[in-house]
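Below, each structure is written out as structure tokens.
There are two complexes below, and they share subunit A, which is joined by subunit B in the first and by subunit C in the second.
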Partner chain A sequence: MGLLSGYVIYSLSFLLIYIALATILHLQFSITGIVNFGLVGFWGLGMYLFALLQTKLALPFLPALILACALVGMTALLLGRVILNLDGQAILVGTLAFATIIEYLTTTEKWATNGVMGLGTIKMPFDFGRSTDQVFFLLILLCLVLLILYTAKLKTSPYGRLLLSIKDNEVLAQSLGKPTFRHKIIFFTFTCILIGFFGALSAPLYNYIFPRMIGPGVTFTIWIALMLGGRTRLLGGMIGIVATVGLFDYFIETVVPIPTQYAEMVPNFKFALYGLMLILILMFRPLGILGDKKKEGVK
Partner chain B sequence: MTLSTFLSSTLVLGLLEAAPLVLAAIGFTLIYRLNGFTNVAYAENITLGAYFAVIFNSLLGWNFYASIIPAALLSGLLSVVTYLVIFRPSFRRGVGKTELIILSVGVSYFIRYGSRILFGNDLFNFNFSSTSYLKVFGIGVTNIQLICIGLVAVISIGIYFFIYKTNYGEKMRALADNEELAMISGINPTKVSLLIWFIAGSSAGLAGLFYGSFSFVSSSLGWNMILIVIMVSVVGGVGSIRGALVASAFVGIVTSAVNLLSSNSLYGDIVLLIIFIGILKVRKVRV
Partner chain C sequence: MLKINNIRSGYGDVEVLHDLTFDVKHEIYAILGANGAGKTTLMKTIAKVLPLNGGEIHFKGENISGLTSYQVAAKGLAFVPQEGNVFPTMTVMENLSIGCVLQGKKSKKEKLEEVFDVFPDIYERINQKAGSLSGGEAQMVAFGRALMQESELLLLDEPTAGLSPKYVDMFFNKVKEIHEKKNVSIIISEQNAAKALEIADKIMVLNLGKIHFIEDCAKCVLSMIQEGYRI
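== the complex of A and B ==
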């Protein structure tokens, strides 16, 4: 396993987490039409809650994970009740505000999170000596595969069709007797729990977590990736993440030799290029690299 | 601290805080009213307004007040360029509302990090020839802050009159309400749209340079303001200049009150965001 050791496996684990987040965003946006600009809020909340439960209350891995997910779910339910029956742009602003509140709270509540000093050390759930990282990578891979299978199944299931009908014409779905608001809240809560779950899984990877890790940049990177890959397609998120985060954070920063005096400029070029790619994609190929497949979804 | 000094500090500091926000919110709400989407890239218009002023003031050595005019014109121009190159073609291609917002995020990233490549990660300060300290209701303020407030007041009243009392303003409102009807009435949509984007861009630029004159100019200046700007416009009522004015003053006063009570300035923002989410819910605004 020489190739898959140390930094390589660490970067690949994060790539998988990002792919999972992009897939969940695809679930929220393409199936129910919810524009979640607060993705990083739920991710960061899951991450911080898990870390707090593990470091401050000394809970073992699984109880901490479950409790963190439950708390994220309760938060999502509360936020969903407040904003989900407003129109699209209010949901967007509301979720963005939520994520900002979470980021600020992790900075201000020093008694719990140590503020900008960072919270740690967060332990791995198991110890297999030198191959612990590889096993954890496989665990994340397994969760991602399950998520993708679920997403694929949902699109053709009756429940998926119901959610699609809410997205396409909520008033029509209501007139057929479907409690659309309730379904939206339940699905939003469920998908936010998934985001929090992957947040909790990120905590042991990071080892130490800081408020600046959960800035709005994460949300927008994943949105850009999803748009780039193809928001209507199951694998759009994966393709987009590989073409953005994979290319820059993994390939360019680890493989391409960059002189140290230019190293601090790399993120600037990266984000400027992300922006440019997003502009070009939305103007010239709005459905992303993968484009549209007629059979996909319910017409 | 007695109650009366607390109240007067809150009021004075709050209005100082609110002054640039008023300009930013007015420009934002104009674009929102005309084109009906949340233009996140507006944040970069705010930032670049401050950078343009820095170029004239710090790098070319102009007087601060003289550099306001070219900075406002250039940021208006930038706004028009983003409209012509990116947003207008996108409207014509029928890009959806949500996609437009995400597109504007892309524009924002491109401009922000592009300008960081040009200007570096450094912070910039303005050169003021003379700064004197004055007392207003017992609160220390600088003459520059007072002049900024005065200018903000003059400019907002100017924009208000332009939109509600002039022929062009009427055309602008007509176009925002019903584009087809406006076109049938002989209003040239391109000309009016260009004008709105120019005014919005200029007021964003002015907001940025005034905001920067209170502290410093960095590439994330506009980005740090944009969420509050969007919230102020949404809560104040889309297209409503009076609403933007009231909501901005409210933001300033709440922020300075919380700042006086707690050591961490982030609490002010947290309180505001929670109040705003609540207002979104109560008013059920159709943003």
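== the complex of A and C ==
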């Protein structure tokens, strides 16, 4: 495993987490039509809760993970209860506001989170000496594979069809005897728990977390990636993340030799390029790089 | 089967239906009226898609006034709206299957066979996205899906609006056929009075949200002939 060591394995682990987040966004958006602009809120909440449980209460890995997920789930349930029966734009604003509140709370509640100073250090769940990072990478990979398999299965299952019908025409689904609000809220909570789960998994990777990490930039990066890759496709998120975060954050910053005086510009320049890519893809390939295998009659 | 007592309904502050009272037995009940008379509002109110502002609805002797649309559907009342009656991004097969998640007296396969028996045309299109169907085909899929629900009362909201005359004739024949074969009561709202008179047992004429008259179809046809109308 000489090749996959140090920074490379660390970067790849994050790439996998981002792919997982993009896949969950795809689940929420293309199956139930929920526009979640508060992705980073649930991710950050999972991350912070896990870190707090581990550092302040000294809980072991698994109980901390389960408790963090449960708390994220309860938050999602409460938020969903308030916003999910509103229309699309209101859900968008509501989730965005939620993420902002979480970011703000991590800054102000210094007694728990140490504010901008950050929280740490978060331990890995196991210790395999020098190959600990590799094993953790494999763990994340396993979770991602399971997530993708679940997504693929859901799309063809009767439950997936039910969720799809709610997205297509909620009033009609209701008059076919489906309690649409209940299904929406359950699915929203479940997917938010998944986001929180991957948030909790990111905490040991970062080792040390601080509020700036959970700014809205994460949400927008992943949304752009999903639009780029193909929001209606299972692997759209993966392709999009590789084309944005993978290409810019890891490939260009580490492999391409950029003169030191320009190196600082890369992170800023990156967002401009993301924007440009998004505009171009929406102009020339509105359904993303992967597009849609079966052309949809109505979109 | 369905008893409506003094219902009032509308959109927000605007009241569209004023104190309607009527009851529907096991029959084909046609609701006629011009545009804006309140036909669709009445249908939606019975299906509980719109909230009730007053009055009571009894279905099979049970007060359903306080239920939501999905609870009403579970009691055996299927509503086929005029617009947006199929799920456009799903295939015809999926559109039909989603109708049968609820009740389970017959197997899905049996029910599908029944639907294809009534509507052989949609069998050829089962793998097509419903959004790419023509208006008449979408109407048939919606009707088929309502049959999959095995409901006892079907509400069809202007099912023939925008269809070609050939489809209209066929559609009315299907409605009659389903009523007789499958023991389903049907409420159908319609602008085409002559066609409605052909199949209905009873008609109601709505005007500006009030009942203009309710009459047995046979009597209605008789009096029209006596007055010199040609049907």
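Here is the rule we use: the second predicted complex is superposed on the first by the 294 of 299 C-alpha atoms of A that agree within 3 Å, B and C clash if a C-alpha of one lies under 4 Å from a C-alpha of the other, contacts with A are read in each partner's own complex, and residues count from 1 in each chain.
By our rule, contacts are C-beta pairs under 8 Å (C-beta built on N, C-alpha and C of every residue); 3 or more make two chains touch, one makes a residue touch a chain.
Nothing here was measured: the structure is a model prediction, and the numbers come from that model.
Colleague: Quick check on the superposed pair: does A:9 touch subunit B, subunit C, both, or neither? Answer first, second, both or neither.
Modeller: Touch partners of A:9: none, neither subunit B nor subunit C.
Colleague: Which of the two partners, first being subunit B and second being subunit C, lies in contact with A:274: first, second, both, or neither?
Modeller: In the superposition, A:274 touches subunit B alone.
Colleague: Touch check for A:67: first (subunit B), second (subunit C), both, or neither?
Modeller: Neither subunit B nor subunit C is touched by A:67.
Colleague: Pick one for A:107: touches subunit B only (first), subunit C only (second), both, or neither.
Modeller: The first partner, subunit B, only.
Colleague: Should A:223 be classified as contacting the first partner (subunit B), the second (subunit C), both, or neither?
Modeller: Only subunit B is touched by A:223; subunit C is not.
Colleague: With both complexes overlaid on chain A, does A:161 touch subunit B (first), subunit C (second), both or neither?
Modeller: After superposition on chain A, A:161 lies in contact with subunit C alone.
Colleague: Of subunit B and subunit C, which one touches more of subunit A's residues?
Modeller: Per-residue touch count on subunit A favours B.
Colleague: Pick one for A:265: touches subunit B only (first), subunit C only (second), both, or neither.
Modeller: Once the two structures are laid over each other on A, A:265 reaches subunit B alone.
Colleague: Check the residue A:77 against both partner chains and state whether it touches subunit B (first), subunit C (second), both, or neither.
Modeller: Neither partner.
Colleague: On subunit A, which stretch or stretches are contacted by subunit B in one complex as well as by subunit C in the other?
Modeller: none
Colleague: For a test of understanding, state which residues of subunit A touch subunit B in their complex under the given definition.
Modeller: 29, 35, 82-83, 86-90, 92-94, 96-98, 100-101, 104-105, 107-108, 220, 223-224, 227, 264-265, 267-272, 274-279, 282-283, 286
Colleague: Per the contact definition, I'd like the list of subunit C residues that touch subunit A in the complex.
Modeller: Its residues touching subunit A are 47, 49, 68-74, 78-79, 81, 84-90, 94, 97-99, 101-102, 129-133, 145, 149.
Colleague: In their complex, what parts of subunit A are in touch with subunit C?
Modeller: Counting only subunit A, the residues touching subunit C are 158, 161-162, 164-165, 167-169, 171-180, 294, 296-299.
Colleague: Which residues, counting only subunit B, touch subunit A once they are in their complex?
Modeller: For subunit B paired with subunit A, touching residues are 37-38, 86, 89-90, 93, 95, 97-99, 101-103, 105-114, 116-117, 121, 227, 230-231, 234, 264, 266-267, 269-270, 273-274, 276-278, 280-281, 284-287.
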